[in-house]
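First chain A sits with chain B, and in the next complex the same chain sits with chain C.
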Partner chain A sequence: MILDQLILPWLLAWLVAGLGAYLVAVLDRLMATGSAQAKSVWLAPLASAAWLMTQQATTTEAPDAPAWRLAPALYLALAATGLALVPWSPTLVGVDLSTSLVLWGSLEALATVVIFLHGWSANSHLALIGAYRYVALGLSYLLISMFVLIGVALPAESLRLTEVVAAQASLWHVVSQPLGLPLFLVVGLGLTFWGPLDLADSEDLSGGTAVERSGPPRLVWALARAAMLVAFSAIAATAFLGGWMGPWLPGPAWLLIKSLAVLVALLWLGRRLPRLAPERCVTLMWVLLLPLSFVDLIWAGAVALWMA
Partner chain B sequence: MAVSWQRRLAARAPAPVFLAEGARIGPLRETLALSPGIRLVDTPRHASVLVVAGDIPTGWRDDLRRLHDQLPAPFASVWCRCEPFEALRNPIRNDAIEALPQGVVETHRELMLGKRDSAPRLLPDEPPNPWEGLGDDGHGGEGMMGGTPYGRPMAMNMQDDLRDGLTLDTLTFRLGPFHSALPPGLQAEVSLQGDLVQAWTITRKPFASVVEPIFHAARQEPVPIAELELSRARHHLRRLYRGLRVAGWPRLAERTLRMAGQLSPNSDIAGLRRALERGGLWRLALPEPGRGDLDKEQARQLGGPAARAAGIDEDLRSQDAHYRRLGFAPTCREAGDTAARWQQWLDEIEQSLALAGQAARHDLKTAETAAVETPRGPWADGSPHDMSDLLGEVLPGLEWGEALLTLASLDVAALDLHPLDIWLADTGREGRA
Partner chain C sequence: MTPSLGTHIAFGVLATFAVLTGWRVFCTDSMVRASFFLLLSFIAVGGIMILLTAEYLGVAMFFMMAVEMMVMALFMVMFMMNPAGLNPMKMVHQERVAIAAGVIAFIVLSAVAVLSDFPDAPLPAEHAPVISLGRELLGDSMLVFETAGVVLLTTMVGVVVLSSRRGRYGRADEGSMPPGLMPGGEPAGQPSEEEEGEHTHHHH
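The block that comes next holds the complex of A and B.
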């Protein structure tokens, strides 16, 4: 029991987080084809990680020391917790909670706190602006996430992710709720502050919340961001792409393929689009995407009733 | 000394470089950006090599020392056309710009492999200003507010927000003179409420900007119009590169820079324009219409592309008979805001490439020598002078990101009237080789 319910899920979550983060670095470099840094895509992330491990971890003048030290680790822990919720097959699930969708929602909210803490605790002006920005943006995409996730819970009549997958046996949610996945992808970019929604650690802030970071803590922060991207992709594949379901291949293989597809889509969007101006971003969220998430929810409810 | 596998692996990582740009150094940032094995970073905390290049005024050495000491160990500094600090043992000096990228990569490798010691700290590990607080949690002032602990003012509730009148704490800090998103040499004291710029006061003016030697030559003798226009297009592409980096679009920024190094009279930028439009630069990333706008007088004072983006139909090329033969007419926009200036770059690049193509076919040279329209503005009896004080009028009221994108669109530094003795005209090709 200890092995099945404690050690194996723990190992699975951390293994996927570590390998997934490496994969994110490789894929991102592959997509930067033509870049001066595109050589040796497989080795480059490892070399950069080794460089950060040799580098001194600097500190700022009078940071909030506990928060400054803990924030990267907390963000990584949130990503690992998210991965623990992902069902790889009907039986291979790290933590099969009856409220796993609620827990995922709370992880998204806690991520906002951790990212703010990362910027605020540095006691540095550019890091602080990054933190403010993230909080200002966070509410708008969290609301979208909430409505979209309720949408996938309705047909399953459950907040358990394994039930959500089972409910897609006849039709995946990506088809029955066509607005859901695109809206959820926007949430993913916001949650991981990636690509067009990288407002917390952006270039105009010289790195934002991570502007003062160096050495191993910076490596942990980068790992955590990548691991969160992986966790989000796996949750999206579970909620909208039928999770483990598929012919011929075993369930975990299907989930891996589907998660990879979502991950590639997110990374591609990150490379393809410029960073959104904060004001335009908030307007887009509240005026267009949030109403669309209402429509998605109504649509999901109507389809669930019809199919019932 | 045995070198661990970890350090051997680290030596294979791209060299993270922070560039402190001095005066009269030319497009060195662009050269480094395209150099294999180098990754330019925006904060000294993310670097292992500090490159100090160009003339740094003597009075700025303390700023440079602070910057130097912000790099995490192990680190090194490489000095290019600049005197190293005396306190550095065996400083690395490399005045040959062509050899600089390889030298930087080697320095990083040597650091990682333990063949070179980390540079020493130049300043004591203590706050730059003494603690002026009162009591255990003192903040240097009376009551809950006020004071200047460590010589820096606390965030204080001093004025109403420019946007909606909501009173928030004001955060005041100094930025520059080596900040990568600012023109080299510019230093400003910035007051923010949230991320809204409340005040922008210039405390040091930017170094005079250099243009390619052909613009200087054009004031001495007729020069091929094709070459002149290609240089103009290259200048605008390099500015676009810096802007796109700030806009968080590194891949397209690099593509723009590569294009700058490969321009020929047959080049076109249709693909780049398409990528910018389809990616949503104007609809999503740049400030909304009307933001960062200059009035006619400000635009006239600034001159060049900024003036033409505001609808001022002035371009010294109109006075040149050979340009008129090519059917030249200034290209203008009306809005005069940040987005219009970014659009103006693209319009002028396209126009310059078209002119270069025509001029090359007819082998035309300039007819006028007394006056030349530089990429920075008109240079006739007078030359473009420093307009950085304008930023104090334009940037307040903008959000931080908007302010930096607006700043990227404004060429406010004076024009350096002396040609640079070397010029890396082949930046792109060299970097990709």
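The block that comes next holds the complex of A and C.
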């Protein structure tokens, strides 16, 4: 029981978080540089991680000590918790909670708090601006995420992720709810402030909430963002692409392939989508994407009634 | 279902954590810190609710309180003109009244816990907390909850309209001007050009 319920989810989540974060770094470099320097693509993330590990962890004049120390670790913990919720097969689930979909939603909400604290606790203005920017954006896309996820739960008549997957036996949600996955991908870029939605740690703020970070904590912060992107991809594959379902291969293999596809799509979108100013981004979220998520929810409800 | 030893230990740890972080809310000197200590306390309470097999309510506590405390911290900082929320400030007021109220509440709640006769109703084997909560919310109590929901939504839309970026006097990022006293008149309450030149260095 202890092996099943404590050690297995723990190992599964951390293994995927660690390997996945490395994979994110490799893939992102591959997309940026092309395959010409393939060797450095595999080694460069390890080299920069080792370099960060040997650097001194500087601090600011008067940080909020607990939040300053804990924020990167807490963000990584949220990512690992998210990975523990992912069902790899009908039986291989880290934490099979009857409300795992809602727990994922609350991880997104808690991520807002942790990212805010990361920037706020530094007691430095660029970091603080990044923190407040993230709150404005985070509150905007949290609602989109909630509506899209409710739409996914409707056909399953359950908030349990395994039953959400089981409800896609006849038709995946990416087909039956065409607006869901695109909207959810925007949420994913926002949650990890990746690519065009990287407004919290952006270049115009010299690194935003991470501007004062150096050494090992900076590595943890980068690792946490990448791990969160992996966790998000796995959840998106579970909620929209039928999770473990597929012919020939075993369940975990299908989930890996689908998560990888979502991950590559996110990284590609992160490199291709144009950046927006934060205030325009908030307007876009509230005026365009939030109403679209209402449409998605109504659509999902109608389809669920029609198919029932 | 008798709770296991692990459940007892988890309850003890979570309850202690909830009380300690709740107490820290009043010891800290910053609104942001106070909000997030309160959040930690609520998260521990949410964990206890999950132990009580109220799985939906416990998890809902996490996301509701996370968003709520974040918004509360943000709004307090905005209204207090303390951009960082790092300036020290006193978090306790009317201490005598508060102490008296706290002692009375503690005595009453302890008396309830110690003296009342709790029902012994073991959970049915097929207990489905999410489904039974859904039936409760959308069954007999549906009218009450739906009315409250629509009222809250209306309030939210109203608040967004009132506080939207356009503001009362036009879009904030285009330089907002108050309307004139007469239709089509000069913006009201603006200092005239020469007056402003004279009094640049005076404080009104």
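Note that the second predicted complex is superposed on the first by the 301 of 308 C-alpha atoms of A that agree within 3 Å, B and C clash if a C-alpha of one lies under 4 Å from a C-alpha of the other, contacts with A are read in each partner's own complex, and residues count from 1 in each chain.
Quick note on the criterion: a residue touches a chain if its C-beta (ideal position, glycine included) is under 8 Å from a C-beta of that chain, and two chains touch if they have at least 3 such contacts.
Computed from a predicted model, the values in this text were never measured in an experiment.
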Contacts of A:280 with chain B and chain C, given as first, second, both or neither: first
First, second, both or neither for A:128, with chain B first and chain C second: both
First, second, both or neither for A:204, with chain B first and chain C second: first
First (chain B), second (chain C), both or neither touched by A:54: first
Chain B or chain C, by number of chain A residues touched: B
Chain B versus chain C as contact partner of A:170, first or second or both or neither: neither
Intersection of chain A interface sets (partners chain B, chain C): 128, 132, 279
Chain B - residues contacting chain A, complex: 6-7, 9-14, 16, 33-39, 41-43, 45-46, 48, 70, 72-74, 112, 127, 150, 171, 173, 179-181, 192, 194-195, 244-252, 254-255, 258, 279-281, 283-288, 399-402, 404-405, 431-432
Chain A residues touching chain C - in the complex, by the definition given at the top: 62, 64, 67, 97-99, 102-103, 105-106, 108-110, 112-113, 116-117, 120, 123, 128, 132, 135, 138-139, 142, 158-159, 279, 283
Chain A residues within the chain B interface of the complex: 32, 34-37, 39-40, 43-44, 46-48, 50-51, 53-58, 61, 125, 128-129, 132-133, 136, 196, 198-199, 202-207, 211-215, 218, 271-281, 284
In the complex, chain C residues that touch chain A: 30, 32-33, 36, 39, 55-56, 59-60, 62-63, 66-67, 69-71, 73-74, 83-86, 128-130, 165, 173
